[in-house]
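Each chain gets a letter, A, B, C, D, E and F, in the order it is written, and its residues are counted from 1.
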Amino acid sequence: QTQAKIHSSVHNFTTMCWDKCITSTPSTRFSRSEESCLVSCVDRFLDTSIFLVKQIQERRGSQ
Amino acid sequence: AQQLMNNMNERCFKACVTKPGDSLSSSEQTCLTRCMDRYMEAFNIVSRTYVSRLA
Amino acid sequence: QTQAKIHSSVHNFTTMCWDKCITSTPSTRFSRSEESCLVSCVDRFLDTSIFLVKQIQERRGSQ
Amino acid sequence: AQQLMNNMNERCFKACVTKPGDSLSSSEQTCLTRCMDRYMEAFNIVSRTYVSRLA
Amino acid sequence: QTQAKIHSSVHNFTTMCWDKCITSTPSTRFSRSEESCLVSCVDRFLDTSIFLVKQIQERRGSQ
Amino acid sequence: AQQLMNNMNERCFKACVTKPGDSLSSSEQTCLTRCMDRYMEAFNIVSRTYVSRLA
């Protein structure tokens, strides 16, 4: 994966996970739940991509 | 196919993983599998409808 | 219209009509109303484009 | 002009055709005509305001 | 700033401020509050950009 | 850096300036300063988490 693609993914994940996790007015610091939501959002999104790719491959294999 | 995967990932993550936790729960995985099927079905319905209008 | 432009439209319509028509958690099959909403969403969006272009042309003609 | 049409189509479809039916109803058509006028007016207001800031 | 960049900004601002200010079904004319919201939306968005850039520069200066 | 600024401007304007008025009020400015700090922090958290998954 190139540097540019990683950078663009970080921007995409930041906006997507910001919209999912930060629902109240920005404060002087993140709440514990906002911070853990941001981390889990990235991790679970990557898990989702892997999970869906595997599902598709399994189906292709069983056809 | 890349575009389809990206859009599907985004929609299904949004629909199925509303509160991201420590791992994908089994109910989230069930939802994702169904969402994948529905998204591809939606893509086919849209594709068919659109192409029939172009004809 | 080129193949690439059609493809890109199908992707756009799928995301737009998914967001408009699929509001509950994905199930083992579409409800009848979800499926007909997807079809009508594409058809009415195309009607809307045609309708708006005609409106603009009529005004230009009457100026 | 293409960009204006695309954005206007999307916004006005969203605002006026909330539940897509078998055809565009007359009330949907009335809404679309008004939406088109308002969208172009908004475009002009935004354009004027922005350009006056650049001067 | 080039002509093309200005054009693209006007399109972006129109969609963003439309989504922020026009929340009811389009009518035969804008209400006074919709119209003033559109103007203020553009002005305050530009103020926001300037404000954030200044904040960043101040911090860099004080480091 | 341009991309970061653009996305941050958009998110913070949306979060802090809900009803645009005649000028940026002091409470809107306070909100924007905090939002800027939080957005950059979010960017760092996301960046760290993503890179640790690639390793």
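The rule is short, and it goes like this: a contact is a pair of C-beta atoms (placed from the backbone, for glycine too) under 8 Å apart; a residue touches a chain by one contact, two chains touch by 3 or more.
Because the structure is a prediction, the values reported are computed rather than measured.
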(message) Which chains sit in contact with both members of the pair chain B and chain D?
(response) C
(request) Walk from chain B over to chain C along touching chains and report the minimum step count. (result) 1
(message) More than half of E-F's contact pairs recur, by residue number, in one of B-C, C-D or D-E. Which one?
(response) C-D
(request) Sort out for me whether C-D or D-E is joined by the greater number of C-beta contact pairs. (result) D-E
(message) Suppose each chain is reduced to the average of its Cα coordinates; what separation in Å results between chain A and chain B?
(response) 16
(message) Suppose each chain is reduced to the average of its Cα coordinates; what separation in Å results between chain B and chain E?
(response) 33
(request) Measure off the straight-line distance from the CA centroid of chain D to the CA centroid of chain F, and report it in whole Å. (result) 29
(message) Can you list every residue of chain B that touches 2 or more other chains, as numbers and ranges?
(response) 12, 16
(message) Give me the residue numbers in chain A that touch at least two other chains, ranges are fine.
(response) 43
(message) Output the ring sequence of chains, start chain A, direction chain F.
(response) A, F, E, D, C, B
(request) Using the touch definition up top, name the residues of chain A that touch chain F in the complex. (result) 1, 6-11, 13-15, 17-19, 22, 25-30, 35, 38-39, 42-43, 46
(message) Quick check on the complex: what are the chain D residues that touch chain E?
(response) 3-4, 7, 11-12, 15-16, 31, 34-35, 37-39, 41-43, 45-47, 49-51, 53-54
(request) Spell out the part of chain A that touches chain B in their complex, as residue ranges. (result) 16, 20-21, 37, 40-41, 43-45, 47-49, 51-53, 55-56
(request) Please give the residue numbers of chain D that touch chain C in the complex, ascending. (result) 5, 8-10, 12-14, 16-17, 19-24, 29, 32-33, 36
